[in-house]
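See the structures that follow.
Paired with subunit B in one complex and with subunit C in the other, subunit A is shared by the two complexes that follow.
Coming up: the complex of A and B.
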């Protein structure tokens, strides 16, 4: 059996993920590209005696070396030499998609075009003569419909055929005469360096040098021919050459298109009609706000029965455990520790899944791009790009995927700021803490209090973004250049898959970090052996007493100090550990009653506590994600320290001024 | 380019893309930006010679959605201001 490596390339939003999933099914492996935080997905297929490995390259508009995504895609094709590159092309948007084709073809690898979204193109009355397109480009073109899995076999066959054919002529764009002359002289010079000639297609390298491509310049810097290359380059204007080449690529495409495409009448299409309303000057913002509000309403309303179900199940399980497990300490470990700890996270699973489902839906339909369009002006004022809005929105569900969503932001500083302020966006794990305290102390006004906390979180994020922009990460925010993809009706499959992959991450967190945290908590609350669980005499109690002086100015006692400490594992654990410490169990009502009976807890203290929980140190999973996404512990550590300081200060202020508003402690 | 006479509307005069009103068409004649921004713009089809139509501004006035090379692209006015265009006659 021979192995064939197939790299999937393409613009963003062309259905590449859908096609990759359809091709590889569940046989996927997700990792990272070496050295960068760009996700690398690979999958294996066996087909007619070939072991095919499919590598999903990041979605890019071009192969210049401007963003991490582009460098990854380009270096993979250039250095790893896949047997064939399959470019997924959006049939409804040939012109811009083929621009990337001209760049991939220049790299001298066999290429196959998957003409995806063929259904959408045909529905729009646009007919594409595939054979003619294939003949003109000298590239096989296969019709595919990713969402229905159509054309996959043909695509694989074409890829295998191309991979096995010895490389034919290089099919590259012919540039303007003077540019071609320069390329020829550069190639003449470069040929003298055998190493370079072996590693890179010289025509491609010469063209990049003409454009002043940093990455390409670095490749020849060490070469003995470097001085002669520099001498040649000193005579040209790289900006002008670059524009001339880009222009020429589009010219070639413009010459091909009329021969292969009979465009449907381009009247008012559905996307345009929707956009007229959705991005309308007066309606745009209200619709956006209504959608966001609806998202959260649905998240909680739809999830409620499932949450109740899980709670009931956990209660049964605890009861069963308590009744059947022998030694009391083991029953306590399983019941209080494992079921209590992990259960406190599991109850959010329905909320998280539904939130992710709605967000995936908004993303897959193309609405999120409109949201960024509408919000950009505001985000810009904050010092962030419009795209930073999406990570923030997702952060309301959970900061982990929120921070991961910052990957779509190109500027490194913008990305860092977006990541660092994300923990202030109040994730759903903090909600149970608010519900508990606001419910116990603010009665009918609880809703307003919770709302204000969300607002405070947003304000903290904005203020911090401004602060970072002016201090540790100075500079302009990166330009906003965003495609507005046409609206698409996502299939249940794509949205569910997106939801699933994000949701599973959350559950995995529950299964690992939180389980470990729960066990540590149980140990601290149970030792030294023989003490009453979670009492003042336990290790947890001792720790709390140790920390008490630090939080005393905020009005918190040792119990709260312990709960906050454990909230570091995951913020929802704060509720569980208070339950343990107050000896009230997980039941919300019992705990509220216990709070009200505690003379040390006033409404003002409760408010300060909620503020503290909102802002302090992100949970363990978030810290791990920050570390992973920024590539350094430095930023993760910074995030922890900054959050603690900010939380302490604001909780202090709130605790001091609150009494004058809510009628004293 | 010929010097335009007096105060007649400057047909064919070079302006920048951010000055193009909604539903107006124009043709790109130059890109002032350099570096990464330039590469991005070129890759997204904002090349000299391309026809561009301003579609609409966002509710808060910025960014602006354009139609170029058969698809929709949105840019901030700051970036659009780096693109030199000649308005097209109706």
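Coming up: the complex of A and C.
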């Protein structure tokens, strides 16, 4: 069996990951916005005696990489030398996609074109002559429809064939005569460096040197032929060369296109019409806010009956446990520890699923890119490009992918700021805390309270970004360029798949990290032997009293202090911990009833607590991601400290001023 | 053939041909990858906020005003 490595490359948002999933049976995240994939993913398949390794690369518009995810794609093709590159091409946008083709072909690797979204192009009345395209480019062209899995066999066959055929021709763009002459002399000089000649295709390297590509210049700097290269380069104007070469690439494409494509009638399409409305100067922001508000209202309203159902089930379960388990300590472990801790988190599964369903829907339709555009002016005012809004929106689901999505941002400082403010975007793990407290203390107004918390999170992110921009990370924001993908109607399958895979993660977390947290806390609440469970004489009580002075000004008692400490692991644990400490599982009392009965808890305190949970220390997974993405513990530590201080201050303010609005305290 | 002016100054619905891109090297290469290079035909789709949406071929991009000021265009006759 021979191994073949197939790299999927192409422009952003052309359906590489969808094709990857269809080929390998994986379930990688896909969405309708450029930059969903920021890291390369690998999958394996066996096919007619070949072990095929498929590598899904982040999208790139050209191989002159400028953002972190584009560098990943280029370096992979260049340094790892896959056996064949499958360029996934959006059939509805041939011209721009072929520009990348001309660059990939120059790298000297075998290429196969997957003409993807062929159905959409055909529906638009656009016919593409695949055979002619293939003949003109000297590259095999296969028709695929990623979401329906059409053309996969043909694609794999073509890829295997290309990988096994020794390269017999260079299918590259021929540049202007003087440029070609220059490339030839550069190749002549470069050939003397055997090491370089072995690692890189020299024609490609020469072309990049002519363009003045920094990365290429760095590659030859150490070489013994460097002085001669420099001497040659000093005779030309790299800017002029680069313009001439880009021109030539588009000339070639312009010559090919009319021969292969019969364009359909182009009128005002649906995407443009929708955009007229949602990006309108006056309507844009109200529509965005209305969508967000609707999201949280739905998250509450639709989930409510399911939540009630699960609560009733858990109540029965704990009643059965209390009645049937012999030793009192075991009954307490199962009832208070496991059902109280994990159960109080599981109750919110319906809310989480619905939130994810709506977020997936917004992501799959293509609205996300518009939201970034609408927010660009606001983002510009705080010193970030509009693109930085997308990681924030992703953060509503979970901050970890949100922070990773920041890789699509070009400027290093812009990226750092985007990463540091992401934890303030209220992720789904915080939702159970809000639902619990808002539901208990604010009744019918709970939806509004939760919405306001999300708005506060965005405000904290924006305010902090502005602060960082003016203090520790000064500079201009890099300019905003972003593709607006056409709107697509999400298929029920993909939306449900997203929702399912993210929802399952939540449940899994409840079964692992939250279970562990609940058990540790149960032990702390039960020991030393003989103390009343969860009383202030227990270890948990001692720990809580130790921390209490720190949070007392905010109106929090020792139980909340312990819950917040454990919430450091994951924010749902705050709910789980309170479930354990209030022993809510025991008599089947809902946790909210227990809160209302606690004289130490008022609506104002609940509000302050929600604000604190929103802003304080990100969870462990987020901190680890910040560490990874910024490459330093310094920033991760900064994020922890800054979050704590901000949370403490804002919770204090909210706790003090809230009573005058809602009465009571 | 109309006069040359920055893309940012065009009104929504206007079509034009790019004459020159007066930006740094990195930005120019990037824009070329998107199809925003001399001789490309662009159409301004939305220009009533700070940034604008332009279409080039079959693609549409949101551009900040700063970049749009650096792209010089000739309005279609």
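Operating definition for what follows: the second predicted complex is superposed on the first by the 517 of 665 C-alpha atoms of A that agree within 3 Å, B and C clash if a C-alpha of one lies under 4 Å from a C-alpha of the other, contacts with A are read in each partner's own complex, and residues count from 1 in each chain.
What we mean here is this: a contact is a pair of C-beta atoms (placed from the backbone, for glycine too) under 8 Å apart; a residue touches a chain by one contact, two chains touch by 3 or more.
What you see is a predicted model; the values in this text were computed from it and never measured.
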item: Partner chain(s) touched by A:56 [first = subunit B, second = subunit C, both, neither]; value: neither
item: Partner chain(s) touched by A:380 [first = subunit B, second = subunit C, both, neither]; value: both
item: Doubly contacted residues of subunit A, that is, touched by subunit B and again by subunit C; value: 61-62, 64, 66, 93-96, 99, 239, 242-243, 246-247, 250, 275, 279-281, 284, 373-374, 376-377, 380, 386, 479-484, 486
item: Residues of subunit A defined as touching subunit C within the complex; value: 61-62, 64, 66, 92-96, 99-100, 211-212, 238-239, 242-243, 246-247, 250, 271-272, 275-276, 279-281, 284, 369, 372-374, 376-377, 380, 385-386, 479-484, 486
item: Residue ranges of subunit A touching subunit B (in the complex, touch as defined); value: 61-62, 64, 66, 93-96, 99, 239, 242-243, 246-247, 250-251, 275, 279-282, 284-285, 373-374, 376-378, 380, 386, 479-486
item: Residue ranges of subunit B touching subunit A (in the complex, touch as defined); value: 31, 34, 36-45, 47-50, 56-63, 65, 69-76, 78-79
item: Footprint of subunit A on subunit C - complex, ascending; value: 25-35, 37-40, 45-46, 48-51, 53, 56-64, 66-67
